[in-house]
C-alpha cells in the first residue's frame, strides 16, 4: 500500500477529488497548507510599510491507495491538478506498512 | 451654591443632544479597541483591547474623584490647574441647582468631558502595542490623567468662566480649538511619542513583519469611531442648533475627504489602495477637523480632510526613518493630523463659520495663524524637555 | 378618547431623547447576541445569536398585539394584570390624541417598553446556550412574554396612573426600581435559573472544556450593550433633563467601576485579569445600577459598580458548586447583580438624587432597605415554587 | 438671501433628533459594509467593504460640490433637475440665516440627504460583489450620484417648496413615499439589476459554491443597519414628535415581522431557519416599511414586514431562474422589497397614520393604489430602456 | 521506528491522547484536516440556494513510535477512537528512517 | 529520495526556511499544527473556571529531498530551529518512492 501526498493549488483540489471519484477512489484527507518554491509570494503594503509574504496557499491531499491503483491515481491527479503555470505543486509517494479502519478494525487492503 | 433661577434654563433639546453625544463618545472606546485590536498581531489583540477597556475603568474613576475638579475647578497656581477638591466625587453636581451655566445639566458636562479624557488616554496605548504590561498601563494612564490631561484640559476647555485664567490658551492666546485638537489629538500624539521612546521598540521591530491581523475589525472600529466622533465634535457645541449642525457637516465631510486623501497617496506611492488606508484616512480627516470643525466652510472641511489624509499617509512612514517604534502610528495620525487641523485654522478658517475667525486664505491675514502656532508650540516643548530627562535617566 | 389640549404638551427634546433611547435599546439586541455568541463554543455561535434575533421577532409581535395592553392596560384581576384588549395591536396609539400622559408620544413609550421585554427575554437564552431548539425557544419566549414578563411589568412599571393597582410594587410597597432591576434583571436571572434547571445540563458539563470561542466578539457585544444601556437607563427618565443626566452619569460610573471590581477579584484569585472579566465586570456594574441609577450620587454609583463587579465575579462560580448549568452565567450576573443593585438602594441611596430616597448609610434608616427587600422577595418565592412543581413532573 | 426672522424658529429638539438621525445613517455605511462583507467569500471581503467606504468618500464630495444643488436647487429643465450651482459647495448654508425652511438647520438637512445618497449608492455594490474593480466602481458611483440619484431625489424628496416642479412624483402624481422607497430602495435595486446585467456573471456562477464566509459579520452588519434605519426613516420626519414616533414604531415592527416572514418561508421550503435568513428578513421588512412607515398602523407595519420577508425570501431565488448574477440579492431584497412597500401603501395605508391616506383594505378605494403604481412604473421603464442600449453597445 | 498517522473524528482526539498517555506515549502532533469517504457531507442552504459541503471535519494525529510499541499504540488508538459509526477514520503506518530531537540533537530511538 | 518532516516552534520556521535557502533548497510545504510532549501547555481561566490547554502551537515543515542533500538539510534544520528550551520539536525522515512535478510531469529526482 502507498500513501500519495499531493500539494496543489487551492482551487484545484475539487477537480482532483472528482477525478479520483471517477476511478472509484472516494477516501481522502484534505488539509490547508502553505508552500514555498519557484512560485513567488506577494507583497502587501500597510501604511506604507511593505511586507513580503513568501508563502503561497496550497491544499494537501492524502490518499492511501492499493499498490495496483497507484499509477492510475497518479495519472488522474496530475491531469486534474495541472494548470501549466508555476506553482502547480508536487505529488510524492511513500510506502505504507499497515492500514486500519477504525470503525471495523479491518486491516490493510481491506481497510482502504 | 443656592438655588438660582437659571436652573429653569435647561433646554430639553440641548440636553438630549448632549446625552446622545456623551453616549457616542463612550462608544468610541470599543471603537478604538477594535480599530487598534485589528491592527496588531493576532497574539496581542486581547491585550490591546484590554488597554482601552482598562483605561476606561481607571480614568473614569480618577476623573470622577478629582480629575474634573483639576480641569474645571477654580484656578489654583495662577491658572495652572483647577481646585482639586471643588467638585470632589462630583457629589455637588447631583442636585438640580448645580445646573445653569449652560443649557445642559452640569453633571452631564462633567461626564462628557471625562469621556474625552478616556479616549485621549486610550489613544496613547496604540504607541506601545505588543509590549505594555496591563498593570503598568493602568498606573500610567491614571497618573497621566491627573498630571498631564487635567492641566491641559484646564488651559483649553475651561473657558466657561471669564474670571478663570485656566482656559488661557483660548481666553488669552486666542487659540481656536473647537473640540480638542490640542488637548486631545496633539496631547495624545505627543504623549504617545514620549511613551514610545521611553518604552523602547518591540523585539523584532523593523525586521520581523508585524502585519495587522484582522482588517475587518479595523473597519468595524473605524466605523464606530466615526459615528462616535459626531458626538465628540458636534457635542462640543454643548447645544443643539445651527453651530452643532455646521460642526456635524464638517465632521462628515472631512472624514470622507480624508479617505480620498490617504487612498490617493497609496495609489500613487504603492500602486493600489488598501482598506487599512481607507480606515486610516477617515481617522486622519477626523483628527484634523476636531479643532477646526467650527471654523471652516464645507469646502474648507473637504480641504482639511484631504490634506490631513495625504499628509498622515506620508507621516506614518517617518517612524522607520527616525527609528522610534510607534506601533500603531499614534504620532503619524494624531500628532500630525492634530497639527494639520490646528494650524490649518490659521489658513482656511472662514469668518462665516461659527467661530467667526478668518484665516490667511480667507482674507484674515497672518494673525490667527500666529495665534494657532503659539497655542500649539508652547506646550510640546515642555513635554519634550521632560522626556529628554526621562530618557537620560534610563 | 377625545382630543384634549394635553397633546400640545409633547416636548420635542424629550421626544428626541426617547426616540434615541428606544433605538439604543434595540441595539442592545445585537449587542447581546454578540456578547453571548462570543462566549459559547464555535459550533454554537449562530444558534446563540439566532435565539436573540428570534426573540426580537416574536416578542415584538406578541407585545404589539396584546403584551403592551397586559402590562399597561387598566387593572384586571385586582391589579394582577392589565386589560389585554385595551390597546390591541397598538392601533389606538397611532392618532396624536393618544398622547399626553407624558411629554412624549405614547406609541413611543409602548415600543420602548416592548424593547425592554425583548432584552429581558433574550437574556434568558444565555442560560440554555448550546442545548436549546430554536423552535422550542420561540414558543417559550412568546409564552414567557405574556405570562411572566407582562404581569411583572404591570406591577413595576405601570405607575403612570394613580388609580392603577398595577404598579403596586412601586405605588404600594414603595420599591425603588428605576429602570428595571426587578422586572428586567432579577426576572431574567430567576427565569434563567428556572429554565436551566428544567432543561438540564449540557452534555459534558463540568468535564469537557467549554471555552468561549471569540473574546473579540464578546468585547464588541459588551461595547454595544453599554452604549445601549444609556438608552435603557437614562431613557427610563422619559424626559431629557437633569434626572436623565444624573442617571446617565451613574450608568457610566457603575460600568467603569464594575470593570475594576471584577478585574480586582480576578487579579487576587486567578493571578491575572482577563478580557472576559473586563467585559463581564462592566455588565455586572450596569446590571446593578439599573434599578439604582436614579437614587445614588456619583460616588454611590462607583461603589455600586465595584461591589457588583466583585460579587458577580465570585457568584459565577456558584454554578459549579450547586451543579446547575447556567451556561453563560445569567444567574451569576443578572440575578445576583440585580439583587446587589436593588437591595443596595436600601443602603446607599442618597436623598440628593432624583428619587429622593435615603438609604441606611446616607442617614435614611432601615425603612427603604425593608421596602426593597419586600419588593424583591415577594415574587421569586412564587416562581421557585412553580419551578419545584415543574421539576417534579419530569 | 437676507436674514429673516424665521431663523429663530430652529427647534433644539428637532435639531437634536436630526443630528442623531444623520449620525445613524452614517453608521449604516459600516453596517452595510459588514452585512455585505460577511456574505461574500473570504477572499472578497476587503474589496466588498472598500466599495462601501469608497462610495462614502466620493459620494459625499460629489454631493457637497453639486449633488445637493442638483437635487434640491430650483427647477431647471422643467423640473427635471435642480440648479447645479445654487448651493455650490454648500457654502451658502454655513451662515445661520440659511436656516428657516424647517425647524432644523438647512446644512444638516443637506448632509442628511447626502448620506441617503451614500447608502443608496453603496447598496448597488452588492450586485457586483467579487468582480468589480475599485477604481471603476468609484467612477461609476460618482457619475451615478449626479446622473441617476440626484434627479430621482429631485422628483421625490424636493417637496419643500410648492413652486418647485421637482418633487412632481409627490406633488403632482400624489405618490406617497415617506423615506425613499422609490428614490432609495427601488432605485438602488433597479440600478443593481442594470449593473449586474452590464457587468455580467461571476466566473463559476451557478457552478462553484459561493457560500457566505462569515455569518457573524452579517449579523453585526444587520444590527447596525437596523439601528441606523431608525435615523433613516424616523429622521425623515425632520422633526421630533408624534410623526417620528409612529414612523419609529413602524420601523421596529416591520423589521421584527420581516424576520418571522423570511424564517417562515425557510422553515417550510428548506426545513430549517438560518441566521442569514433572519438577517435578510429584517432587512426586507425594513426596506418595505421605508416608503410606508408614515402610512400604516402598527398592525399594518407587522403585515408589511411579514409579507416583505416572505416575498423577498422567495424572490432571491429568481436570479437562478433568470440567469442574472445579482451576487448579494440587491434586486431580490431592495427592488422587490421596495415594490412591496410602495405598492402596499395602496392596499393597507390607514387614514389614521401621519400621511393620512387610506388604502384599498382600509376603505380608501383604488385611488392611492393607482397613484403608487404610477409613481413606481414611470421611471424604471426609462432606465431599462437605457440599459438595453448600453448592453447593445458592448 | 514508525510513523503512525490517525485521522479521527474531531471530538475523539482527546480520548486518543489520554489513551496514549496510559501507555506512556506523550509526544504527538495534532492538526485539523477535512476528510471525504463513505461518510456523507451535509447540505447548507443560504437564501434558498443549496450548497453541498462534501468534506467532513477530522483531526489528524501523528505519532513517531518505537517499533516495539507499535502494536500497543495501534490497539489503544483503535479502541479509543471507535464510535462504531461511519466516519470513524483511518490509521496508517509508514516506516521512519531517522528521528532527531531538535533541542538536544539526540538521534533515532533516543529522540522519540 | 526522502521526506523530511520537522515540527518546530512557530516563530522558528522562518529561520529554518532561510537556512534551507542557503543550501539552495527552496521548495517546502508549511502547515500549522499543535503538539503535545514534554513541553507543558497552559491554563486559561474564564469567569473563575480553569481550562487546561494541553496543546502547544507548532509549525510543521515538509521537504522532499535528494538522498545526497539529506545530511546537510538535517544539519541546518537542527541548528536553525534550536532554542535549547523544551519544546524545540522533532524531525523525522521517511523514504519516498516517487515524486512528480504536476506542472511538467517531471519525475523523481528531476521533480524535486
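Lettered A, B, C, D, E and F in written order, each chain numbered from 1.
The rule is simple: contacts are C-beta pairs under 8 Å (C-beta built on N, C-alpha and C of every residue); 3 or more make two chains touch, one makes a residue touch a chain.
These numbers come from a predicted model, not from an experiment.
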#### Entry: Chains partitioned by contact, chain C not counted
one piece
### Task
Looking only at C-beta pairs in contact, point me to the busier pair out of D-E and A-E.
A-E
### Query
So if I superpose chain B on chain C by CA, what angle comes out, to the nearest 5°?
120
### Message
Based only on mean CA positions, could you tell me how far chain D sits from chain F in angstrom?
### Response
54
### Summary
Between chain C and chain E, the Cα-mean centres are separated in Å by 48
#### Entry: Whole-Å separation of chain centres (CA-atom averages), chain C against chain F
53
### Summary
Among all residues of chain B, those touching at least two other chains are 11-14, 16-17, 20, 220, 224, 240, 272
### Task
Could you tell me which residues belong to chain A and also touch two or more other chains?
31, 94-95
### Query
According to the definition of touch, which chains form touching pairs?
A-B, A-E, A-F, B-C, B-D, C-D, C-F, D-E, E-F
#### Entry: Touch list for chain B against partner chain A, complex
209, 211-212, 266, 269-270, 272, 274, 276-277, 280, 313-314, 316-317, 320, 329, 332
### Summary
The chain D residues in contact with chain C across the complex are 11-14, 16-17, 20, 24, 103, 215-216, 219-220, 222-224, 226-227, 230-231, 234, 239-242, 244-246, 248-249, 252-253, 256-257, 259-260, 263, 272-273, 275, 278-279, 282, 297-299, 302, 350, 352-353
### Task
Going by the contact rule at the top, pick out the chain B residues touching chain C in the complex.
7, 10-17, 19-20, 22-23, 26-27, 29-31, 33-34, 37, 45-46, 49-50, 53-54, 56-58, 60-61, 64, 89-91, 93-96, 99, 104-105, 107-108, 110-111, 114-115, 134, 214, 217, 220, 224, 240
### Task
Within their complex, state which residues of chain E touch chain D.
44-49, 51-53
### Message
Can you tell me which positions in chain E touch chain F when the two form their complex?
### Response
1, 3, 17, 26-31, 64, 94-103, 105, 111
